[in-house]
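Each chain carries a letter (A, B and C) given by its place in the written order, and its residues are counted from 1.
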Amino acid sequence: MWIRNCWYVVAWDHEIPSADAPTLFRRVVLGEPLLIYRSQQGDVVALEDRCCHRHAPLSAGRREGDCIRCGYHGLLFDRGGVCIEVPGADKVPAKACVRRYPAVLHNKWVMVWMGDPDAADPALLPDNFSCDHPDWRYLPGYLHYDTPWALIADNLLDFSHLSYVHEATLGGSERIAHVRPAVERIERGVRVSRRVPGVPPPAYYRPLWDFSGPIDRWLDYTFTLPATLLMHSGARPAGAPEDEGGDGIRFHSCQALTPETATSTHYFFQESHPSDKGDAGTTQSIFDGLMAAFGEDRDMISAQWRNLGLGSEFPMLSLAMDAALTQFRRVLQAASEVEARRDVAARSSG
Amino acid sequence: MWIRNCWYVVAWDHEIPSADAPTLFRRVVLGEPLLIYRSQQGDVVALEDRCCHRHAPLSAGRREGDCIRCGYHGLLFDRGGVCIEVPGADKVPAKACVRRYPAVLHNKWVMVWMGDPDAADPALLPDNFSCDHPDWRYLPGYLHYDTPWALIADNLLDFSHLSYVHEATLGGSERIAHVRPAVERIERGVRVSRRVPGVPPPAYYRPLWDFSGPIDRWLDYTFTLPATLLMHSGARPAGAPEDEGGDGIRFHSCQALTPETATSTHYFFQESHPSDKGDAGTTQSIFDGLMAAFGEDRDMISAQWRNLGLGSEFPMLSLAMDAALTQFRRVLQAASEVEARRDVAARSSG
Amino acid sequence: MWIRNCWYVVAWDHEIPSADAPTLFRRVVLGEPLLIYRSQQGDVVALEDRCCHRHAPLSAGRREGDCIRCGYHGLLFDRGGVCIEVPGADKVPAKACVRRYPAVLHNKWVMVWMGDPDAADPALLPDNFSCDHPDWRYLPGYLHYDTPWALIADNLLDFSHLSYVHEATLGGSERIAHVRPAVERIERGVRVSRRVPGVPPPAYYRPLWDFSGPIDRWLDYTFTLPATLLMHSGARPAGAPEDEGGDGIRFHSCQALTPETATSTHYFFQESHPSDKGDAGTTQSIFDGLMAAFGEDRDMISAQWRNLGLGSEFPMLSLAMDAALTQFRRVLQAASEVEARRDVAARSSG
């Protein structure tokens, strides 16, 4: 299950070739093939990557200015997806076009609106500010999952797994699982806050800060539709006051899940540190730690998915720690029902 | 969709081991496993490659003269597919046999009639003369496709793709796509003729002939059931008279598609040049060019097939350039309906 | 089709890590994921390898004494499969448990009862004595099949295939297929006895015994539910008296098939020789010969399975040599019907 009337991250800015590069960028999103390219003015264009003629991918063709020529039989499409030339034909049929998707470049994320283009709402773009802000530094991360996106969302909605999956990386203490986070329903999602006092610093922190003793950790994030995590987190010497400018370490992390198909997922992520703390080595160390830890998640979730493939006579057992994921699933269900009603209304008025 | 009452190319002559070789040749055709071997008299035999006992492939067994012994439990079959020995049993059950298919060696192509054996008609063998004629020289080509055969047939029925898929190999000019070919319905298929005046020679021609200027190209082929392309083609200096014996370059090409399964295909092909023009290097150069170009086709058709796998809310859009493939699909549809009626009649009289 | 109320071999003893090893052993059996481990007392424990919370495999977690902690969110299960701790929760829900399977270590085979635990019957354990007896020596064998278990059972129930599949290894003579074995229906299976007089020794025997002339071979085995072969076999100089203590060669072999899924199988096997005949080289030579021969079986059965995947308009043809496999299939069918009636009765009384 997924919703369509929302922005999905489909790529990092740097993944899209420049306007004069010889290659075209394809990515499958919600089971639909997208061609994403940069116009000569520098904005991004997202078209259905499937020629209306024989369904060949346009990404196997070539650019001609801001137009795309299909590499199979040469149909030429403008940046609006309208076919403007059929080789050997005097006229272009009115139906000759491919779907155009609203697309914007937003703080280094290429965002595509997969639903009704008229409903595309810039106010719904996520506040991933630290992806493009001089006060913050990071390296962009991407992982591909051969599992449904919802299993990864479940993982992100319950950080008690840090104690077990990431024992040797991001976690470092069972205390993370032992404290109960505050979970709050917000517009289009949930807010989760976890305070973990007096724990040893995890391996992930050690290259970044010279903690001489135990630390107080804090992890505050929102997880909103379609599947975006925005998190402030950090740590200070145990018992130090909750002052963000104070001593210690802090991060801002932006993460997004985008279904590729019903059983595979794109995962975009970063974790930024303040530009005035640390150097390029710090940035690399954070990235390396994240990749190692997110590999641990992928191993676990892939194993979970293999188990699910075997079937079970018993459903999953819901526990108190599932509060946030249960709430988010309700948010998703409600949004999905709104979409379904909207589709019915559109058909009856159409 | 495919028809059964016709000859399919199942192998090149050289692929079938000699009668005294220790190996047996298996190929799956129309979803059925075939064992193909050479009798001691030199003709080819095609049997169902599936023992009637436990369905093991006979090709995993061994020859005994012109008989085949199953390698699992030792049943012995004669060249007509009749079981003539069951080890340890005094009698052979009357039902113990495997299917025998009419098979002939025809101009280096091993042809098998996949339908009613009584209907096998030598008059329907294709005129692939240049596969076995002293006036012509070629090297035999084979490619395996993981796509349905019909997508490859579509490709061969519209050469406008030469301008785009084969821009750097067989094509070399958008003019090929811009001219309208003559398409004519013939017995069991279509005839397509394309004249392309005043174009630069494609890369494929350059090692073969020293063209000092633009050329006039001609491509004349039939495409007939089940899926056989027979083509005369060539080029002469632009403006030279249409005299086949004259200056320039000419080819004869024989190509055939044989469904392996509903989603995979055998592709047999060659392009011959006159024996009195060029040497072994010429033959090799043509083969290399063809393999490179047919690899381009396979890349494109495989990408098209992946897109089709994603599904689309829109059907393919038919264009003027699809005239030949539309006509051929009608020929196929009509032949398929004839077969269906014939099957119904056979059952009701049987 | 398989039955559940019986013991399945799920591993060789040596496959299960020791109680202080850092790894956990997972194996899928009858489509169910099992975690198998050794308690600190040395007995074996088999639990459902799927946490009741989010269905992650417990084998991706860790041991804590004889308990297992899930590596995803930290639930702790005791050796009975009961969850005894949920991190961050004061109480453990009553439903929080995973399935426990009766498991025993029996002559180096780890046996698991896959059906109703209350019905687990030690009297049904197979008499695989030579797997753990000072008078016998062997090396343990395992092969994984990507085919249904029943095709391998069929193979083991008809040794006429030794003449053809194993011509160059275990067989060596068509006479094996030509003699008719005695087939007797026994409790839960069949007994098959084959006497092959006056044949050359097969390649497999040659490193083991210096036969100067032809031999008389004997192969006596039972094949019982679920899929266990226990065999005495051997050979003596042709015409020598049937005296087990006499001159010649003899073996005891224990083999078991365990369905992994509907289309894949675990195959456990050994062939023991008397400890007082031969040395370590003998044991290795027997193992190597068996692996070579059982690879031949797997090749044939995998090819048969590929053929079955293509479908056929004809069923398999039953022959006299299929007597044992036909009888065993009836035994299996009857046992399966007993289980089905038992399940119905359990549901109506439950």
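Assume a contact is a pair of C-beta atoms (placed from the backbone, for glycine too) under 8 Å apart; a residue touches a chain by one contact, two chains touch by 3 or more.
This one's a predicted model, so the numbers in the text were calculated from it and none came from an experiment.
Because chain A and chain B carry the same sequence, their contact can be compared by residue number, and under half of the numbers here are used by both.
When chain A is laid over chain C using CA atoms, the rotation angle comes to 120 degrees (nearest 5). In this assembly, the C-alpha centroid of chain A lies 47 Å from the C-alpha centroid of chain B. Not a single residue in chain B touches at least two other chains. Residues 154, 158, 160-161, 163-165, 174, 177-180, 299-300, 303-304, 306-308, 310-312, 314, 316-317, 319-321 of chain B are the ones that touch chain A when the two sit in their complex.
By the touch criterion stated above, chain B contacts chain C in their complex at residues 28, 31-33, 49-50, 52-57, 60-61, 69-74, 86-89, 93, 95-96, 261.
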